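Paired with chain B in one complex and with chain C in the other, chain A is shared by the two complexes that follow.
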Partner chain A sequence: MADEALFLLLHSELVSCVYKSPEQGEAENGRCITKLESMGFRVGQGLIERFTKDTARFKDELDIMKFICKDFWTTVFKKQIDNLRTNHQGIYVLQDNKFRLLTQMSAAKQYLEHAPKYLAFTCGLIRGGLSNLGIKSIVTAEVSTMPACKFQVMIQKML
Partner chain B sequence: MAVCVAVIAKENYPLYIRSIPTENELKFHYTVHTSLDVVDEKISAMGKALVDQRELYLGLLYPTEDYKVYGYVTNSKVKFVMVVDSSNTALRDNEIRSMFRKLHNSYTDVMCNPFYNPGDPIQSRAFDNMVTSMMMQVC
Partner chain C sequence: MSRQSNRGTESKKMNSELFTLTYGALVTQLCKDYENDEDVNKQLDKMGYNIGVRLIEDFLARSNVGRCHDFRETADVIAKVAFKMYLGITPSITNWSPAGDEFSLILENNPLVDFVELPDNHSSLIYSNLLCGVLRGALEMVQMAVDVKFTQDTLKGDSVTEIRMRFIRRIEDNLPAGEE
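Let's turn to the complex of A and B:
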């Protein structure tokens, strides 16, 4: 579909635009990741507002996570999350065996070091979506072999 | 139709509030404020309900002598409160529901506006016009 290609192109442009600055090094890299993450956060907030407009009220946290894995993921990445695991104590692991934003790269270890910058936006997307639904969280991503990746969502319990 | 429309953030502070008889604004602020407890009560009761009963529209919150107060809560816990003149008996539940839908659609548009910061008071002209049109219809 055309809109899918547009999103992929826009996302890769976004990453290269954020990484354009001549400075290099660990600190600069961190700054770029934060920038991409916060962009994702704002987009996630807006998207979730639109997607949940016609759905029934969510029952609990797990219900929300299922919504993210199914409806939200399908709308953004045209596929569902392949595996959702939880320890029922606020940690969720979302596994995608063929993550859309990584499929364009060679499926080996070659570009592994560049993977984090293509995942930061999506981490923000999840965090923004959850925060708008009233769940504070920390989202981290992890890649071992290229198109597969795992997102770990740690829910911050509000005291 | 409606005499007062309010949008309340999930942390329970007002994002937007407007009432038509401007001379008695404070009374409406008070009415909306007191309705928030009823909203909270309804939501916590709803958590246990069946799927088809978990609707966003909360229905009539409470009637006062002159007004009826209706509520609606989005999935992101933003509350919409609408105060309607109780002499207006022609207003059916379904119409109130569709007014809330319109309000929700408009709020979503505001939320997706990149120049709007989530949590700020709503100053969008499009939203304002929509609320005005809702208040104007056969007052």
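Let's turn to the complex of A and C:
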């Protein structure tokens, strides 16, 4: 068992290591987000393999999303996703009202412009997890007031 | 790890696989970003240092450990309290130098390397070098300048992992000019 503080500090070090200069262009910013996201992706892939070792096969897409919201989120962030919504056409919105990686930062709009950096890794985490369960997706995140945030999962239909 | 096993554990405890895998992803990324292993080692140490200087606050606040009077006491606290608290392991302390300013931490199993195999072309990579930075940074915040390095590593075929710690000097309090 590791301690939570370690992961939180490692994660913020990860972010500041990827973002070398504070002032940079849009293109460079995008590259940083991609880097963080792809790290998350790898971790998500690894985690889901470990977590689903002893679970029964999933019935369908919704079942998988529920697993992500409940078990996966609980193991990683020690709470469940607070709200899961879907349009039944491949878009899911996962809302976390108290997202662990933002709680220590702010409880309002302060530092809002820095929030995306701290979400990219987790977007990758979700996408990597889903990918290893056979679902190709695009995951984005948005924050309007910290520490609440919404992850939007768009399922890409396999042709 | 099964779905149930993590429920109801202590609130500060978390899944260590998340930490291990995240660390692995970081090292992988650094190996892509930098051309040689030396630079990766350096970067890992630097990141560890940044973590250490902050982790010490968390540690002191939670552990109720007071000031250490000698290096032996420091060694005990590191091995028995700090490693236990953050990584869930208790390294053993050996190889004290006669002067009592150097010792080794022996890790039977290093949680950072749980799923790792080093490819041949990274022979000089010190995979867990972050730990050295963490120890150095944390101790610097309690006025101890210490040299930390890996001397044995299971990833490189040694039977145990050994971290060598050498006390350099006590850092004196530097008051800003004009203040008493």
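Following the convention adopted for this analysis, the second predicted complex is superposed on the first by the 154 of 159 C-alpha atoms of A that agree within 3 Å, B and C clash if a C-alpha of one lies under 4 Å from a C-alpha of the other, contacts with A are read in each partner's own complex, and residues count from 1 in each chain.
Heads up, the rule we're going with is that a contact is a pair of C-beta atoms (placed from the backbone, for glycine too) under 8 Å apart; a residue touches a chain by one contact, two chains touch by 3 or more.
Bear in mind the structure is a predicted one, so any value in this text is a computation, not a measurement.
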Partner chain(s) touched by A:4 [first = chain B, second = chain C, both, neither]: second
Partner chain(s) touched by A:138 [first = chain B, second = chain C, both, neither]: neither
Touched partner set for A:58, first chain B, second chain C, both or neither: first
First (chain B), second (chain C), both or neither touched by A:48: first
Contact breadth on chain A, by residue count: chain C or chain B: C
Touching partner for A:112 - first (chain B), second (chain C), both, neither: neither
Chain C-contacting residues of chain A that also contact chain B: 42, 46, 50, 53, 55
Residues of chain A touching chain C in the complex: 1-7, 9-11, 13-14, 16-18, 35, 38-40, 42-43, 46-47, 50-51, 53-55, 71, 74-76, 78, 121
Touch list for chain C against partner chain A, complex: 1-3, 6-7, 9, 11-26, 28-29, 43, 47, 50-51, 54-55, 58, 85-88, 111, 115
Interface residues, chain A side, partner chain B - complex: 42, 45-46, 48-50, 52-53, 55-60, 132-134
Chain B - residues contacting chain A, complex: 10, 43, 46-47, 51-52, 54-56, 73-77, 104-105, 107-108, 111-112, 114, 118
